[in-house]
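Have a look at these structures, which come just after this line.
Here chain A shows up in two complexes: once beside chain B, once beside chain C.
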Partner chain A sequence: MTDITASGAKADSAGKPSINLAKVLGPIHVWALGVGIVLVGEFMGWNLSIEKGGALGSIIACWIVGLLYTCVAMIDSEVTSTVAAAGGQYTQAKHTTGPLMAFNVGLYLVLAYTMLEAADIFVFGDLVRIAAENLGAEPGSVDARPFVLLAVSVLAWLNYRGVFMALSVNFLITAVAFASIVILFVAYQFGIGTGQDLQHQELGMGSLPYGWMGVLAAFQFAIWYYLGIEGTCQAAEEVRSCGRSLPLGTMTGMITLLIAAALTWYVCSGVMPWEYLGLTLAPLYDASLMTGNTVLIVLLWTGTVFSALASANGCINDAARAWFSMGRDRYLPQFFAAVHPKYRTPYRAILFLIPIAASFGFLQLLGPVITFSILSGLLGYTFMPINMFRFRSKWPLDTIKRGYIHPFHPLPSIVLITLCAATYVAVYLGFGTQLLAMMVFYVVASVWFVLFRYKFVRRGDQFTMAWPRPRGY
Partner chain B sequence: MLDFLQFRGPWDVVQLAAWVVSIALLLWMLWDAIRVSKQYSEDVLTSSQEGVDELALQQDAHKKS
Partner chain C sequence: MAKRYQPPQQSGVGQARDALFILVLTFLALWIPLELELAGAEKVDWLPGTVTVAEAPEGGSIVRSDSGLAKITAADGSVTYENLTWENLGQNEAMQAQWEKLGVGIEDAAGLVTKRYDYSFSWIGLLATLAAIAGYFIFLVRQSDREYREVIAEKFGNGS
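Our next item is the complex of A and B:
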């Protein structure tokens, strides 16, 4: 065995050697993680909300679901600025609620990110295949699978080698993808190289074809505009100044997404009829094709590819942190809690999740995979108001120092739980069977945890924050 | 049966390169993970502690010195 003092290991306060995750990240990495995971939803997916509620219904759902996510970002920022540990909402749950809730929240996180990652790498492979055919390859002759595997292996390798490089790359490609949306908007708004004007009124923007029920049904797809911003919490153990960087990165990320969502909707609904927009695969890329401008077309294709890669990269990072944290607390085998002594990453968790994401990416079942991800995310959001109420009642403001205090408590929690309930109704309208099947899955997983896994959990060890005894205990 | 060995154009080369690079990276990570597991004990590899702020500890040590 190697002398650990010669490697990245350091002694803790008790003199016992330990290898911890590297604290190397800043606010831009937090922004890149949050926005990177989400931005692919602007390039594809959000437009299905137009099929449900029309163009006007989609923008109404966009803003209402934006309110849901603003509440998520505010709550997350306050709790995570205090709980500076990997695992995000899982770690919050074990401190504020209890082991069974924590196990479920951890599972929501791992499945939401792994399924989203599978969808992202599938999209990447398909985009490369489409580009190959556009460049002259015989239709049907190019296989997407090698590119699916290439995406997941390169991104996993980046994550394996270190979080700083992985999220620096994410910052770069996310910034390019965001810039492509802004450039397309400027081009259309000022008629630069587009050859046509935006025509919202002529394309029937001002009506609700399916009424307010259509707006409600649009909620489930308006989630695509923002799904994953809560992933910023997973970086808590690796940011240099958690109390400052986490809220700053999360809030600026949320503002970026609101801007990107509004610009995306504005451009797309101004150039395509809503009946077509609700069915197309990549609406922003289609909007660039309509200009006939090669520069804009290449830019938007690049933005679409980069957004898919950035999302997969962030998902690998987040799913591995959640899996690693559950292993560290023995909710899963402790084998997964290993940290690489040189790269300071949860390398076994990263490796373990690769075949799962790759196999779902190979299956090419985009619809069921993304639905599972969205529903898992929604269950996680439902936990957050409960988390916030318990956090504020057990540790009121004057008992522990917070890096950020969200205003108007308990209003954001009440708004969040109300909007979650409305979104469940919307999801039930579209994916009732999947919703019920997923609930059964989590109930079975909970029974397994209680009967076979809970005995390994060391309850006393998992309360790691240097907080006073909670009020009422 | 061996159709996949036939060269149909430059995209065949690109696809083959994608398979090769992917498998090479995956094998390298697997090899490195096994190597690290042999080189270090499980106690050391799984010794990370939640909520430990190395920077704060360093700053405290610096202030004391």
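Our next item is the complex of A and C:
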């Protein structure tokens, strides 16, 4: 059995050792990264699944898609605790499948996070506008863009300045956002300051307005409950104890999200007609507004804003790591592979991607942006069973030491590929043309990589793990 | 050990061009479905109960429910209702109270309640899309495997 000395670090062209990313993170940072990115999905976006399939359809889809993500988390935990390098699934793909797949997986990651960041920015701007109007400003008179620019600049500075501080801040604001969901649930459940009861039965939440077809269609946006939890893997090169911190942070993050999703659905569907709930921008905030309780309203507004900022912060972190890793391997221009000499962050990748996300956020293309993010995530999940089968066949359990071994293999991989196929059908029902446009995008990018980019890639450098030769090669 | 492949150095202009290529491609993938007005699923008129659909006298359509509720969409897209009540919309007292708490009046609520997705689809289109996705992954795995063999040969030498 071979032990692992993980290193994504390389010598530069002059032969001098490069500066590495700093290993400073613990399990709470991993939790903060994963949950921070995703929790905004409970404050906005998940409710589009109610529009697709009704309230009951949404919660059924939430549970089934939760199973999809549990499989993702199990597979990720095993492979990432063994392939401990920045880039997460991208780096896994390099070691298990090959450069072209890695290039595609890297693009899935960058685009999923950059588009999610754009959506976060858009929502943050809208929340500022809503708050201003609730405080008496004329509707339409508030330009939220300066606030958005300020928030994005602060997040960019945090990420530039160092990963430890960026994710410590994420832990705090994510914890506040999560607490706001729990407090709203407790207030409604026990009738504390809400002035009304939850009325699931009376609001017809037990029915499926579109039948089981609606449940299937709801898969597309049920992904929003969890999209990005796999981003914990991006921290692999910066955690102090990868084999312990990543599985612990990821699985506790997944449990947190399952609880948050269930509480969110339970509260919102108990106070709003599903036809309204399916279309509103910020359902939890609406649920607080319906109480007329100032404390709850301020708390939920704060929670929603914090969740959007935490998500944008985590997305900046993850997209930059994936972009940086691709630059380091020359899949993208090497310019982006620089590590800050003092702060040890991938600062060029951070600074390059932020204006792109902000521009998409300002373009107000929320629907297509969310769909692009979801589809990129979904393509990444489809890769994971391929990844797992190849990982176990090239290096069976007795050949290399793993930080974590997920149980029941190959069941999680089979469940995952089946649920991915079902989700493609759901996306086809709602956004079939965009799905095809996305496939064209990735095919064109792949052809470009093979014809014009692969020639810059150093072949042997793509394998950085101290593992034995893979079986069959 | 396989001969070590020495990649060419890329110029600054070449690096900028490659980054720009990916950016432009991303914008196009977002915009083309929007420009073709093909993004998002269609919603159709829906009313509770048994429904009949007829053409309006001056163009547009009338959707009428057996409860007496009618939704009239004029040729210019404007919508009016006949016999619009919470009961005819299928909204009970609890639902009505929540709509009012949300500050949504009956006309606006009707706009939300009387639109639903049409999930009818083409099996051929669905199968072709799934085949395209499967084909894309098969291409990726096969091409990646060729490249992977070069990586392994350079890293570990030829032969096992």
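Here is the rule we use: the second predicted complex is superposed on the first by the 456 of 473 C-alpha atoms of A that agree within 3 Å, B and C clash if a C-alpha of one lies under 4 Å from a C-alpha of the other, contacts with A are read in each partner's own complex, and residues count from 1 in each chain.
Everything that follows uses one rule, which is that a residue touches a chain if its C-beta (ideal position, glycine included) is under 8 Å from a C-beta of that chain, and two chains touch if they have at least 3 such contacts.
Here the structure is a predicted model, which is why all the values come from computation and not from measurement.
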On the A-aligned overlay, A:E138 touches which partner chain: chain B = first, chain C = second, or both, or neither? first
In the overlay, answer first, second, both or neither for which of chain B and chain C A:Q334 touches. both
By the touch definition at the top of the document, which applies to A:A262: first (chain B), second (chain C), both, or neither? neither
Touch test for A:G204: chain B only (first), chain C only (second), both, or neither? second
Determine, under the contact definition given at the top, whether A:S325 touches first (chain B), second (chain C), both, or neither. first
Quick check on the superposed pair: does A:L281 touch chain B, chain C, both, or neither? Answer first, second, both or neither. neither
Going by the touch definition up top, name the partner, chain B or chain C, that contacts more of chain A. C
Chain A residues where the chain B and chain C footprints coincide 334-335
In the complex, chain B residues that touch chain A: 8-9, 11, 14-16, 18-19, 21-23, 25-26, 28-30, 32-33, 36-37, 39-42, 44-55, 57
Any idea which chain A residues touch chain B in the complex? 1-2, 4, 7, 9-10, 12-13, 16-21, 23, 83-87, 91, 132, 137-138, 141-143, 146-147, 149-150, 152-154, 156-157, 160, 237, 240, 325, 327-328, 334-335, 337-342, 347-348, 350-351, 354, 464-466
Hey, which residues of chain A end up touching chain C in the complex? 51-52, 93, 97-102, 104, 107, 111, 196, 199, 202-204, 209-210, 213-214, 217, 271-273, 275-276, 279, 286, 290, 330, 332-336, 352, 356, 360, 365, 367-369, 371-372, 382-383, 386, 421, 424-425, 428-446, 448, 450, 452-460, 462-463, 469-470, 473
Applying the document's contact rule, which stretches of chain C touch chain A when the two form their complex? 4-5, 7-8, 10, 12, 14-16, 18-19, 21-23, 25-26, 28-30, 32-34, 36, 38-41, 91-92, 94-95, 98-99, 101-102, 104, 109, 112-113, 116-117, 119, 121, 125-126, 129-130, 132-133, 136-137, 139-141, 143-156, 160
